[in-house]
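In the part that follows, the structures are each spelled out as structure tokens.
Below, subunit A partners subunit B and then partners subunit C, in two separate complexes.
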Partner chain A sequence: MSTADQVRAFRGMTRAGTRSVLIYRGDLITGAVALVIQVVLAIAVWRIVYSGRGPVDGVDARTAVAYAAIAACLQSVLLPWQFSTLPMRIRNGQIATDLTRPLGLIWQVFGQNLGVLLGRLPLGAIGLAVAAVLGALTLPPGWAAGLLSLVATVGGALVAMLCNLIVSMVTFWTFEVSGPLMVYRFGSAFLSGSLIPLWFMPGWLRGSVEWLPFQAQVYTPVSIYLGQTRGGQALALVGVQLVWVVLSTVLLELVWRRARYRVVVQGG
Partner chain B sequence: MAEQTWLRQYVVLERAALRAQLQYRVNFWTTLMGGVAYQGTQLLFLGVLLGKFGLIGGWGFSAVAFVFAMRLASHALYVVPFGALRLTDEMVRDGEFDRVLLRPVNPFLQLVTRMFPLMSLGDALLGFGALAVFGWQAPVDWTPAKIGYLILAVVGGGLVETGIQTFFCGLSFVATSTFSLRIFADSSITQFSGYPLTMFGRATFYAFCTLFPMAFISFLPATVLLDRTSDVPLPTWLTTLSPLAGVIVFVLGYTFFTKMMPRYTSPGS
Partner chain C sequence: MAVIEAADLVKEFSRPAVLEGRLPRLRGLFSTKRDITRAVNGVNFEVEPGELVGYLGPNGAGKSTTIKMLTGILTPTSGVCRVAGLEPSRDRARNARNIGVVFGQRTQLWYDLPLRDSFEVLSDLYNLDRTTYRKRVGLFTELLDLSAFLDTPVRSLSLGQRMRGDLVAAMLHEPSILFLDEPTVGLDVVAKARLTEFIAETNRSDGTTVVLTTHDMEDVERLCQRIIVIDSGTVLYDGDLSRLKERFMPYRFLVLTLAERSIRRVADIPSATEVEPSAVGTVLPYPDRSVVLRFDPREVTTPELIARASQVYQVDELSIVDPRLTDVISQLYDGLLT
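Let's turn to the complex of A and B:
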């Protein structure tokens, strides 16, 4: 298959992924309502916690509230519950058909995951719009910070998708993956900083979190956007994202090389 | 007699479901850890938040952690026996519900025993562990009556959650995908029911008592035990009766479920 064909096939997978999200309208609407309520409550919690207090650890109420709102939206786009159909396909034997397709399995799943992410973008936008109406959003300190946070968002999405794929691959060995996925979900919810920014974590916790890939997914883009991380430090955080993209790509390739010899097709 | 056979059916089916799940050893342990880790996240969050800010809505860590523990113990009472309900909308969508209708066993019972939710054991471990630890540390002078009330409250909370989830199962017969709705209910309860709910303002608080009856899961009975009923904009006798809400919510949910079931249409092939 030529490169052009492969790109076309990849795009097809992406479109299918997006459509799999958009087809369940009711689900999408409840998803949006749910996110809005979650954003509103998260804003309320942080406003109540601060209630008239000055900056805590150099972070004022406005910044903390904006962080909570943006992080909730970003997380709902990046890390939905059912990110990949790979575990299901392995379990019910559909994997056999997938493997005969001319596009490599990794690219198929990656394309589909990207599609799901794109399909969920409107959700995040609605959440952000509500946060803006409630006066919870702030603008980035400058053009450079805004642009860099955009780059960091893409970087964060890449790290999230790669990690997700690696965890899904475990199914080739265990068949059931809900357990590892839950541990992963825990990792992404707390360690990515989407529940609470790294600023407020005690030193020992923050020290360990900084060595993990999760903070690159949510904390990095949002803290750059809010101007809490600036200049060289911000660039360094984006550099760390890049390192995680490279590391997890290598790891994914290694896992996949071993996994393909583990394929057992279930059912007939 | 009828009730006995119900229970026997439940035990037989649930045992088979548990056996099916225990096939995957690695998954068993990671799932158990996952359950503890997922709920532990919320506790960690509350710990970090209150470690930094001291009070939230006038409540300190010992009170908030106690509410959290009650909530998780209630959650365990829902999710261990009834957790498989979350598979309902998938079964309705794939047409697997056809099989349920063909068998001579109550459909609700079959749905509940469709799969044993392993992760729930992690929830139970952490929930009852936390209840022992934070119940000890909470500013409550424990008497046998208060312990009895606590048990009633935890059971009631479990029934509230079961009722809400059963309601969603009923909804899945007409709405095909209720996945987002259920995840939303689950994550709202996980994330927000640990807070003193009155802090969100009166209107929101009343919504938590009626529309989405999360306040009954642990907050209202906890105010009785913590002697903080004056925080609640409801008559004290009503707050005290809050554990009874579980029965009401469950009966409502189950009635809705049975009313909606005839509207199931098998997806064509």
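Let's turn to the complex of A and C:
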């Protein structure tokens, strides 16, 4: 199959993913309402925390508030733990039909996930708009930082999707993945910095978080956007993202190579 | 040249062994012992292009496992299978372009999306150009009467509608080989007839090779010239449908409807045995006036038997009935296993 064919097949899967998000309007509206509430609350709480105080650990009130709002929006688009249906498809045997398609399973899942992400973009936009109206958004320190934070957002999304896929693959061995997924969910929500900015974590935790793939998902793009991480340091963080993308791609390929011989189809 | 080949095909599944003795479940957590089941145990067959083959066997015989190896879903433990010259599990994506697959138990359609959207995604997956895509969907919409529900989400379709959608999904890219795993399971008589008619037509007009697994012997009698019967993972029979009947149920039935005033008596007719009317499997119009004789055509010719019977009975009507495939198959399953 030529590359052009594969690209078209991938785009088809992406389209299916986006459509399956957009078709549930009620779900999207609920998601938007929840995100708006989350953004409003986060802004209010951080403003109270900072009321009458100067910068904490070198982070001023405007930055902390903006971080909370942007991180919440980014997270709701990325949903770093939820958008793969792979574990369910392995468990109920639906995987059989996926394996009869002319596109590799990984690319199918990846295309579908990307589509879901694109379908959820309007949600993030609504959240950001609300934050802007409340005066919680700040501009990046310069064009370069703005651009780099965009690159880092894409990098963060890639790392999130790859990690998610690797954890989902465990289902081929265990048929039950809610345990590992729960750990992963906690890990990604807390350690990616989407709940609390990583600046406020104790030194020992900070040190270990830097060795994990989570900070690349949310913290890296947001802190570059806010100018908390600049210049060489910012480039280094994007470099770390790249390393995670490469590492997790290799790991995913290894896991999948073994998994494809483990395929057992449930339910006849 | 054969388009599908299976040579000494074996598939084993292993799962954690169920332990016996004390605290079996607790010890099971730490045990590495595994039970191995052989679902397919050395299957051999070849299918020529354009054949329509019924692949039959009782539940758990290994039918679906074979199909899953031929479609590239499962990797054989040993042995080889080739489909259109490719090894499906090694060349899964390329194999996918040659084949169409329907699993009656599950759908390949996108559950949340309208049926039409699934077709569009498939046209991307198989890289169909716009004209071909429109032509194929138009054709199938007409043949299978899809227009009423093309824009309905798949989750709201009835089983019969969904099956028709699935069949189209499997055939959109004009595969030369179709694997149909219980495509009529759970369908009503009308939906089933429509589907089998469509399958037969596809096989006839496009020369599509079809491998069909089913428990429905009516489907088989309507569709298949050749059948392969497997059980416990091995082939029990491979050949003509009619020869199967000769071999495993060599007899036929002579059904007599006696004249109203004819006295019904126990008669001894040479070379024939009187059996319960239910043995023929069809509803007889006058059960209380019917006599059913089972005979072996190799021992007595039909006219001869009719002549003998009319000497004993005063007959109004008579007919010859062949044994049903269902009975042949259950005979086959029973007989060869015990």
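In this section, the second predicted complex is superposed on the first by the 266 of 268 C-alpha atoms of A that agree within 3 Å, B and C clash if a C-alpha of one lies under 4 Å from a C-alpha of the other, contacts with A are read in each partner's own complex, and residues count from 1 in each chain.
Assume a residue touches a chain if its C-beta (ideal position, glycine included) is under 8 Å from a C-beta of that chain, and two chains touch if they have at least 3 such contacts.
Bear in mind the structure is a predicted one, so any value in this text is a computation, not a measurement.
Shared-chain residue A:F190: touches subunit B; no touch with subunit C. Contacts of A:L118 after superposition on the shared chain: neither subunit B nor subunit C is touched.
By the touch criterion stated above, A:I106 is placed in contact with neither subunit B nor subunit C.
In the superposed model, more residues of subunit A are touched by B than by the other of subunit B and subunit C.
Residue contacts after overlaying the shared chain place A:P202 against subunit B, while subunit C stays out of touching range. Residue contacts after overlaying the shared chain place A:D57 against subunit B, while subunit C stays out of touching range. Once the two complexes are laid over each other on the shared chain, residue contacts for A:A129 go to neither subunit B nor subunit C. In the overlay built on the shared chain, the residue A:Y24 is in contact with subunit B and with subunit C. In the superposition on the C-alpha atoms of chain A, the part of subunit A touched by subunit B in one complex and by subunit C in the other spans residues 24. Of all residues in subunit A, those touching subunit C in their complex are 1, 5, 8-9, 11-13, 15-16, 19-20, 23-24, 92-94, 96-97, 99-104, 260-261, 263-265, 267-268.
Of all the residues in subunit A, the ones that touch subunit B in their complex are 24, 26-28, 30-31, 33-34, 37-38, 41, 44-45, 48-50, 53, 56-57, 81-82, 173-183, 185-186, 189-190, 195-196, 200-202, 205.
On the side of subunit B, the complex with subunit A involves touching residues 21, 24, 26-35, 37-38, 40-41, 44-45, 48-49, 51-53, 56-57, 118-119, 175-181, 183-184, 187-188, 191-192, 195, 199-201, 204. Subunit C contributes residues 13, 64, 68, 71-75, 92-94, 96-97, 99, 101, 103, 105-108, 110, 112-113, 117-118, 120-127, 153 to its touches with subunit A in the complex.
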